[in-house]
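Naming follows writing order (A, B, C and D), and every chain is counted from residue 1.
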Amino acid sequence: MRILEYQSKRIFSQYGIPIPKGRVAINAIIADHIYEELKSDVVIKAQVLTGGRGKAGGIRLAKSAEQVEELTNEILSMSIKGLPVKKILVEEAVRIDQEYFIAITTDKDEGVPVLMASKYGGVDIEEIVKGNHNALFSMPIEPLVGLREFQVRSAALAIELPKQLWHDFEDIVLNLWNLYRENDAENVEINPLVISEGNRLIALDAKVTIDDNAIYRHPELSEFFDMEEEDRMEYMAKKYGLSYVKLEGNIGCMVNGAGLAMATLDLLADNGGQPANFLDIGGGANAEKVASGLKIILEDERVKVILINIFGGITRCDEVARGILNVMEEKHCTLPVVIRLAGTNSSQGLALLQSSGFIAAENIADAVKLSVKASKGKKR
Amino acid sequence: MSILVRSDIPVLVQGITGKEGTFHAQKMQGYGTRIVAGVTPGKGGDWVLDEKIPVFDTVRTAIEATGAEASVIFVPADRAADAMFEAIDAGLQFIFCVTEGIPMQDMMRVKRYLATSDTQLVGPNSPGLLSPGKVKLGIIPGEIAQPGNIGVISRSGTLTYEIVNEIRKAGGGVSTCIGIGGDPILGMGFVELLEMFEDDPETEKILMVGEIGGRFEEDAVKFISQHVTKPTYAFIVGKSAPEGRRMGHAGAIIEKRAGSAAYKIDLIKNAGIRLASSIEEIPALLLKS
Amino acid sequence: MRILEYQSKRIFSQYGIPIPKGRVAINAIIADHIYEELKSDVVIKAQVLTGGRGKAGGIRLAKSAEQVEELTNEILSMSIKGLPVKKILVEEAVRIDQEYFIAITTDKDEGVPVLMASKYGGVDIEEIVKGNHNALFSMPIEPLVGLREFQVRSAALAIELPKQLWHDFEDIVLNLWNLYRENDAENVEINPLVISEGNRLIALDAKVTIDDNAIYRHPELSEFFDMEEEDRMEYMAKKYGLSYVKLEGNIGCMVNGAGLAMATLDLLADNGGQPANFLDIGGGANAEKVASGLKIILEDERVKVILINIFGGITRCDEVARGILNVMEEKHCTLPVVIRLAGTNSSQGLALLQSSGFIAAENIADAVKLSVKASKGKKR
Amino acid sequence: MSILVRSDIPVLVQGITGKEGTFHAQKMQGYGTRIVAGVTPGKGGDWVLDEKIPVFDTVRTAIEATGAEASVIFVPADRAADAMFEAIDAGLQFIFCVTEGIPMQDMMRVKRYLATSDTQLVGPNSPGLLSPGKVKLGIIPGEIAQPGNIGVISRSGTLTYEIVNEIRKAGGGVSTCIGIGGDPILGMGFVELLEMFEDDPETEKILMVGEIGGRFEEDAVKFISQHVTKPTYAFIVGKSAPEGRRMGHAGAIIEKRAGSAAYKIDLIKNAGIRLASSIEEIPALLLKS
């Protein structure tokens, strides 16, 4: 779960990591109120879950009440990488002497957290790192030991941080580790961490991503889960514990298992079809979960045909069939539905669906070809 | 014989009294696997599977009473890490963890603890192991495969069933089929299993089914080039998948090392490993040669 | 640092470990007030840092205001194993269905914490364990992993705890682990943990010992350090970072290094002398620390002769000499003082002391013999 | 040659700019030990010991620049665990930790981390190692010992000086003298060092100086009985010490396994190890035979 900058900063602040003064606003009246409170020039920052906000004009400096109003309205009318800006963060403008990049992220290949740091913060660190491997300090953290002070010092040395700031830096990075550890984060990132007024370290930006599998044990974080910021269908999918990714096409897909789902999408592409989504209902899905998945697909108006490909293992095909029947009856769906059932209880499942007018496919290749054909037919 | 485990290995099931645990313990037993015990905290003293299999409160007491050497784990995600810690601590030789959705930081810690032990872990989020006609640990449907000379290793569950089933329909058979699990942080990877297949007299060809993300396939290709003499085949899914979402710059920097399908496919081709471009192709490719 | 039962229970309560209702009192008026508040029979418990309170009559049940007053006064006039009772804990009387012993302690030999449990709580567990090894469940805890749920379940199974209480037991023991871990405890112990009213687990007693070396990072615990409960000299020693143990004799000893101090005490005993104390000034002690050590010895009126045995390594003998001179001048000490200096800067040290009338000893054997002789002379 | 380290091993000092660090780095250097670097966080770039020895901010950078293989730690107790983690992580072969007063739970974690590495740790709360005329790591005063054939291992600092000094005064000499440290949780114990003395051609006799508490002496006696062929002598202090304070029942149960001086002395006598009953006796006992 990615969370917005202002939410991440709220957590930073709980962990004692210094951030600029400021608050979130949803309109110019509130923004102006914050500006009056702060008694300083302010930076207005679009709150969207994507990078590149600065380049898109979503981060602006305002020096007067008029500018605050004008820029707030401007930013709140923008979309950045397709995401409409619904909230802004109004913060005191901070003098920047030097910018650093600092992060604790997860190296999934090695199964360890990694401390990263660079003296080239504030700009596109990925590009800089690509060109110059020495630009990035990176050190694995032993999961059972946790981040050690000496590792933080190694980072401070690598990014050539002035020595009088080492102590504050150690506090910030150890707190960042505590935040990562105690909140089941996948990634916590400060870019840039700045030196301001010669001797203060401040986190100007904040990114926090929480492991979806661990959200159940952080009920206090659920308030940060902002439905408005998510795609409606992705939100529904998450709610039902399904894995859903929106794509560009018109064939709605529902498959059990991520590997089989990817294989199905690949085969669709090979056959000239265009999937509308990736949807993995996971292992052992019951009728209800199947129904939820199908409802999400039906929400998508671009969908012209539905492809259901199930190979029952831990999942039972009769359960799947029941889920499909329930939804189809309830929603009066008239779309063509191609169904392929194999494995555990597949004959029972097929028997249930027999009289329902679905297009039954023998195997995955067959299912894909029938779906592609149907997707190129007339509109609904 | 199967790779990894012998056919008559005594097996306990952690989470045996849950819906999935019971269902699959029965299926395993029906396939001929020697299920000797179940473990469900608080249910010690119960009997399951036609009242023939005893349930214990802890793995240690189960081992003491039954001599179990391997465990298959069906415990829910919030308790699965603890189940693995318990199985490792009790000194089991093998753990097959079927559970999916285990928090990542839990799994990091399990993996480090595992490294201090002699236990071998398959999974989590693994369908387990099936050696047709011999033994089954996990959830791979028994009827989809027949005995044969093809060793199959995969990161997927259902995709593997699909492939093995197609092989069977085309008349081919499998020596051992094993899923390492769909999660990013896993116990055994491809490499350890490739080594076992290379040494397994019943395996004559090896099929590796990979995915986008992670470094498993890259490591495997290196190992195959250097150490595997048996004909090896590969299939990679995710060609049409959109780029994964970033966790910020740091995530992108780390992920860069991991591979897209195209990158992996290139590696495989360059290493001279035979690549199937679709599921349909697989049986013909494997059986003609 | 050992802390009293009522203080330990305050920490238990912070960690969500259930304890009986109650409060501490220093006289019968307060005790009666607590009795009125609790509206139940109460148990009055002497607060002293020793075991065997029950056997000594320091734990009593009171069923009326009169009894509360009477027993409070009785207990507050007691001494238990030489320790005067200055505080009592007044708690609601709790019905006891079953008593267990549960502890997390430190196995120093193995360098690991250990979870211990027994179904024979409430009585002298050490004696029971001595007779029957099966009476005690004991399981090491991997320091880098921490206590795992399955270990707690193993304990619950071993002590035959009713299964409907396993969940509460898991919470209690995991919290006890957190307490141990987060407070740098050496030992945390509940004896007895009782089942009350058929289905509630309650910690009737609580023992917590904090690692002295780690107290610096738990300033919040310093309020529990109760000077009145400590021997005055031990308290001073702790304050100055010295290691002091009061003994029964009349030869005040100050030595650098625990091993050399023990050897000195052994040699005194072998030669018929009786040390008044063990006092290790540690490595690298400066004049000030030496002076503090000497002052503690001078506080002890039983002392008839002072033996100072220093082998300088990291400690420098001239610093030691300076510390001795300062105190002797300030306190006008007339006791015989036997001094033996060897090692780092010993000649400088001896030179400083030359004209001061101390008895200089060649070596440890000499120093011991001179001290024993002086200790058998006339009183000061 | 000394046991454990060779005489020309390049050594770094963690905490070299502190009062004790500077003093003893000088003493070590004066004794002939190859001090090549110091480490003090925040002081990297400084030079110490007559401006001849460079100071670094981290152990890694010190090793990269100077090739140091061992560290002597003088870092204050609240930072000493981190200094050990750093030294282990950087792959040093040997650590001698002089610092005393390290929190016990910190030390537990260091010890477990150590077990996953190849580093050998002496201490904490150790006076270090002295091989007379050859090398000195730590704080054992150089002038108290002369070269000879007696290997000395001890849990104490000053008591060891006392004993070694008496041996010197009686005309005896020492091959290597090493203090394992006075804390309950330590890196190396007696056993590992006894093995080295047994294998050391310069050591002909071994003296072990023990104390009350802990299991070090018990383990040592077992090892000596089974594996040590050289004449071995022991001295145990704490006969007159009062019983230690209890940490509650649990502490007493655990501590029971540890030994009183009387218990240890019995073990030693029963194993046929020659026991000195006082410091005075030691030189005669060791030198007459």
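Observations on the structure shown:
Methods note: a residue touches a chain if its C-beta (ideal position, glycine included) is under 8 Å from a C-beta of that chain, and two chains touch if they have at least 3 such contacts.
These numbers were taken from a predicted model, which means no experiment stands behind them.
For the pairs A-D and A-C, the larger set of C-beta contacts lies at A-D. Among the other chains, A has the CA centre that is most remote from the centre of chain D. Chain B and chain D have Cα centroids separated by 48 Å. A straight line joining the Cα centres of chain B and chain C is 54 Å long. Contact of a single residue of chain D with at least two other chains is seen at positions 109, 112-113. Taken residue by residue, chain C touches two or more other chains at 142, 144-145, whereas all remaining positions touch fewer. Against chain D, the residues of chain C that register as touching in their complex are 2, 51, 101, 103-109, 111-114, 116, 124-126, 129, 136, 142-144, 181, 184, 186-187, 189, 191, 207, 209, 211, 213-214, 216-217, 245, 247, 255-260, 262-263, 265-270, 275, 278, 282-284, 310-315, 342-344, 363-365. Against chain A, the residues of chain D that register as touching in their complex are 41-42, 44, 57-61, 79, 82-83, 85-86, 89, 109, 112-113. Across the complex, chain D meets chain C through its residues 20, 24, 77-78, 98, 100-109, 111-113, 127, 139-141, 144, 154-162, 165-166, 182, 184-185, 209, 211-212, 214-215, 237-242, 245-254, 256-258, 277-280.
Touching chain A in their complex are the following residues of chain C: 144-145.
The part of chain A that touches chain D in the complex is made up of residues 142, 144-145, 148-151, 153-154, 157, 163, 166.
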